[in-house]
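Structures given as structure tokens follow.
There are two complexes below, and they share chain A, which is joined by chain B in the first and by chain C in the second.
Our next item is the complex of A and B:
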């Protein structure tokens, strides 16, 4: 292209602004390649090698093909397939937190944006709702660990009446519920703000028209707010899903990395952390686990995206 | 206006959260900021004589000290002395008792002392240390690791590698006053000695005098020992204690080390993991004790708050197991001025002699301060005045037989925390039965992993096989080359 412009400068009828486009997206592309694309590809690459540290001796890297994946998908002696176990744990705890998170956020968003209610002090409430998100997950986890610990305030109340202490972190469902609750508490504010922005983006005249037509609140919500909010809701669900699959900090801290009781609170990323930290530095196995996590995330995002996509009339062509 | 207040509130919250992130950094690198005047220390040390003359401790030291280690560091040695540790315990001893250490400038013989302290939880300490050791050869002089600490559970990982120096290269050798097991523990598989320990850790049974009186009718250490000198007797007393509303011991893993450190076989041999029979014995005991209600039903770990709360004067637990370092390091609650029970304790050998823990000093290969490394190692093992202060002020049991013997025989010595009992004499009587054997580099992962994974079996929530499978998978995760059943 440069040769043509050089040879025939007179031909310049229209000015191309394309290069400015490239110029402006260049920083993003550069950052994306360096910080996302290269690590992504190298993760795939690393997953094919045996490369770990034992004591102070480094083993590998030796090319082993798909051995790491085979190992991950080999059930242990008592028949438990650990990776499936971790995936189910992660999804269970995510769903336990995400459903109340989205329902609650949607409710709050509708209340706050309602023209009829016109709630005062919105700025204050928005700040308060968002606050938990500013606290570190680890601090939150520590706090809840203390509250529900064997000698914590809740158990002091229980044992004050002479009852036996309830070991919250020794019971699968109480441990999972606490983790899910922390995640819910941390993230519902963020979701509320996003959904409020979405609702406020809906044309007010539609709400007015509906109220003139005599629609009640639930009709307005289900027939107007929800359908028009769908794109934002999908975004919220997918980002929450990706965040949920990467659940790590809260269960890691609350169970001190053990995933107790009986591996029921161990998430995929905790398993990944177990491979990479401390003595092991098992880059091969960690790479393989990351690839699996990547695939799971991709599939689930695709499903969510497809199932919530509005059905178009002209699609049948 | 309202928006502005809100904006500043949010901004403040943001700044706070960022600030707290910074403040909460797990790894605390304590860089002792030496005054500017002391930065050109290498020059200073060569012109000024070593401060040995100003220091009482050094002048009292035995005359047998080799002149090489007593001298100031050679001119070509580094001007930063880097020590890696996982807590402040040794740092406190070092700053108080190390001859030649100047607390005002935080220098040792004019060389700046820099501590890098990382918590041992989640293997943070070893991870950082490993990185530093592997890079030590190429590190800048100021960053070279000179001395680091290691614990009994993983010392073999370092001694049996090229990352630690033979102490003979530092001009040191085994001395008669050291306990043999501390030397064996610091030796590699070829018998080369790679470090020294400043403590000897025979571990005993520490009991609450008032509870012993209630259960056994006496709190006299000899009489209590007579009633608790075997596991059968211990079981019988546990049942008796329960009848009176007391717990025999608190944590389910309280007696773990008593069994595991008397192991007759290693955790891993020939690359295959097998559970030592003594650990099986412990598992059975822990299960029985939980089922019978002899221990806390909340099953706290040995370091947990739930267990430590039993050391307050409201506690209902009779026995704890630990070495000399346990008094100050773990029994803070018992020493609490308001809720503690200072003086209501005593120590005996208990049902079985054993040791627990211990901290060794190892010299990192590539150190640029070999003279100082040797000096510190010598001070904490051979310098009798240092060792005496460790016993007198810190309640330690030192790695110096002469000093320990002196205190053991001293009728005027008594530990006020133990109601005036001479604990040194008790520990000194146990040292002969400690043997360093069956150590592997996998010990830490196995000991900690097993205690953690078996908990579900003890409380009855999962069967034993599942608990063991969880343990095996933990070991496979940490040591991919180990074969598990």
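Our next item is the complex of A and C:
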């Protein structure tokens, strides 16, 4: 992108400096192999074994092939396929939180970086919006559980008018909305900071040129800001998706691990946690669930990346 | 207000300019309303937390209120001196050690890896980049089972090694640094440093790293907060009282809630104390981001 003039010497130099690349990436690659890749493989290996506790006796590990997966995809007696429900729950709650999160963050980032608006007290606003992210998810969950509990402040207001208390955590959509809202509240400031850094990275002279040419603010946003912000925006969406698939703390604590009402707020990781830490310590099933989670992430990341792969790579030396 | 009067005074102003000024005023007002709304939204939970931390257990059981009460210091003393199952000051120190090391390792090594990929055209460069992006999506929980088994094998349970070492390989941070370097680091700088006889490692540490400061600050905050609030991995590795980090302590406190002995006032105070240090670190580092991020050195 920047060095078109000296591409000829760059060619020659690439021979002598290229090996330094290995030195720079070595720590990352080494740690990744030991701390993520090997554990990943051994988790998958676990999925092929029958290994759980029944009371005090440990069953297995015995090799059972794909039995764990077959069990995972066998619908219950009432015809419900639990793994599908958990996936749908996770994605529904993620989308419910992520849409307002990205819309708010984009708006805020544009407001803060606008040369035209010249917002006063920016430092204060920027500092404040990120603060919800500092609160532990468990603390947030406890707070909101109190606010919306059957005898909480919201219901005190409702019952004060003589109405019957609304049991927020007994209704699928109110429970999901509360969880999604907590996720939105925790993460929109984080997203704003990332997008702001991205907008600030855009060459300011482009904005100046646009305003001299008489472009209005929506033109500037859609023709300059948004296209140039794309790499960072993609990053934001992907990391939000990773976070969403890992959704665990908030629903776990709000529903006390049950995923109620009627398992409609149970996420994939809650199910995984239940297999690892539950009474049965079903490592085989936990392994199988991990593989499924892995495949789902794989499909999603493939979809995102197919639409985002940059067309041109910058010149390198 | 000032804008409106200015607008009135310049009556002869061309119609085009006039609508422009009015629309600017409107969008400014709308922006401020939106910002105030967002501020209230953000601070509300902190307010609730402080209010709840200032109320005694009996007051909390009696019902909800938006007004602070007089038990703030009582709760503070109880929480700080509670040694029944853990010691809070120790927990704050432990969390600080783990989070500080984690955020430095994450930021430094992610920048180093991204620099390696962006600046050098070695064999397998693109393949490694693609691979890291692919694995970026893998949630940590997916490999948790295998990771715990590995930690057990090496007898590293109840140490901080399994908590800080994985921070060196943070794919998401790498990706951000890569995007940032691509758009802001002029390769001429590396070139110029070479001409001046600087070795590659030195160029990275003393010339390029300072240019990446804004991105480093952002990622350090994220890594610090992430590690500070991390519950999943530490809970599987740390069981010794002296080594516990704050989220583990919080989970212990939470399990008391149902029981008769549970003092909710103390619980809220512990949550508050667990958040205060990270707020301080945040306020300190946020200056980096907010205090005007000017990018690039030979840009344009």
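Definition applied: the second predicted complex is superposed on the first by the 280 of 317 C-alpha atoms of A that agree within 3 Å, B and C clash if a C-alpha of one lies under 4 Å from a C-alpha of the other, contacts with A are read in each partner's own complex, and residues count from 1 in each chain.
The rule is short, and it goes like this: contacts are C-beta pairs under 8 Å (C-beta built on N, C-alpha and C of every residue); 3 or more make two chains touch, one makes a residue touch a chain.
Computed from a predicted structure; not experimentally measured.
Undergrad: Between chain B (first) and chain C (second), which, if any, makes contact with A:136: first, second, both or neither?
TA: After superposing on A, A:136 lies in contact with both chain B and chain C.
Undergrad: Return the chain, chain B or chain C, that is in touch with more residues of chain A.
TA: C
Undergrad: With the two structures laid over each other on chain A, which partner does A:127 touch: chain B (first), chain C (second), both, or neither?
TA: A:127: touches chain B and chain C.
Undergrad: Between chain B (first) and chain C (second), which does A:117 come into contact with in this model arrangement: first, second, both, or neither?
TA: Touch partner of A:117: chain C, not chain B.
Undergrad: Considering only the touch criterion stated at the top, classify A:56 as touching first (chain B), second (chain C), both, or neither.
TA: first
Undergrad: Identify the partner contact of A:93: answer first if only chain B is touched, second if only chain C is, both if each is, neither if none is.
TA: In the superposed model, A:93 contacts neither chain B nor chain C.
Undergrad: When the two structures are overlaid on chain A, which partner does A:165 contact: first (chain B), second (chain C), both, or neither?
TA: Only chain B is touched by A:165; chain C is not.
Undergrad: Taking the two structures together, which residues of chain A meet both chain B and chain C?
TA: Common to the two interfaces on chain A: residues 123, 127, 131, 134-136, 138-139, 151.
Undergrad: How about chain A: which of its residues touch chain C in the complex?
TA: Against chain C, the touching part of chain A is residues 1-3, 6, 13-14, 17-25, 27-29, 31-32, 34-36, 38-43, 45-46, 104, 107-108, 111, 116-117, 119, 122-123, 125-140, 142-143, 146-147, 151-153, 156, 185, 189-190, 193-194, 196-197, 200-201, 203, 205, 217, 231-232, 235, 238-239, 241-242, 245-246, 248-249, 253, 269, 272-273, 276, 283, 286-287, 290, 293-294, 297-298, 300-301, 305, 313-317.
Undergrad: Would you pull the chain B residues touching chain A in the complex into a rising list?
TA: Those in contact with chain A are residues 2-3, 6, 9-10, 13-14, 16-17, 20-21, 24, 121-124, 126-127, 130, 133-134, 157-158, 160-161, 163, 297-300, 304-306, 309, 441, 445, 452, 455-456, 459, 461-462, 465-467, 469-470, 472-474, 477-481, 485.
Undergrad: Which part of chain A faces chain B closely enough to touch in the complex?
TA: Checking each residue of chain A against chain B gives 52-57, 59, 76-78, 80, 82, 123-124, 127, 131, 134-136, 138-139, 149-151, 164-165, 167, 170, 256-258, 260-263, 271, 274-275, 277-280, 282, 285.
Undergrad: Per the contact definition, I'd like the list of chain C residues that touch chain A in the complex.
TA: Those in contact with chain A are residues 24, 27-28, 31-32, 34-35, 38-39, 41-43, 45-46, 48-49, 52, 63-64, 66, 109-110, 112-113, 115-123, 125-126, 128, 132-147, 149-150, 165-166, 168-169, 171-172, 174-176, 179-180, 182-184, 186-188, 190-191, 194, 200-201, 204, 214-215, 218, 222, 225, 229, 231-232, 246-247, 250-251, 254, 267, 271, 274-275, 278-279, 282-283, 286, 289-291, 293, 295, 299-300.
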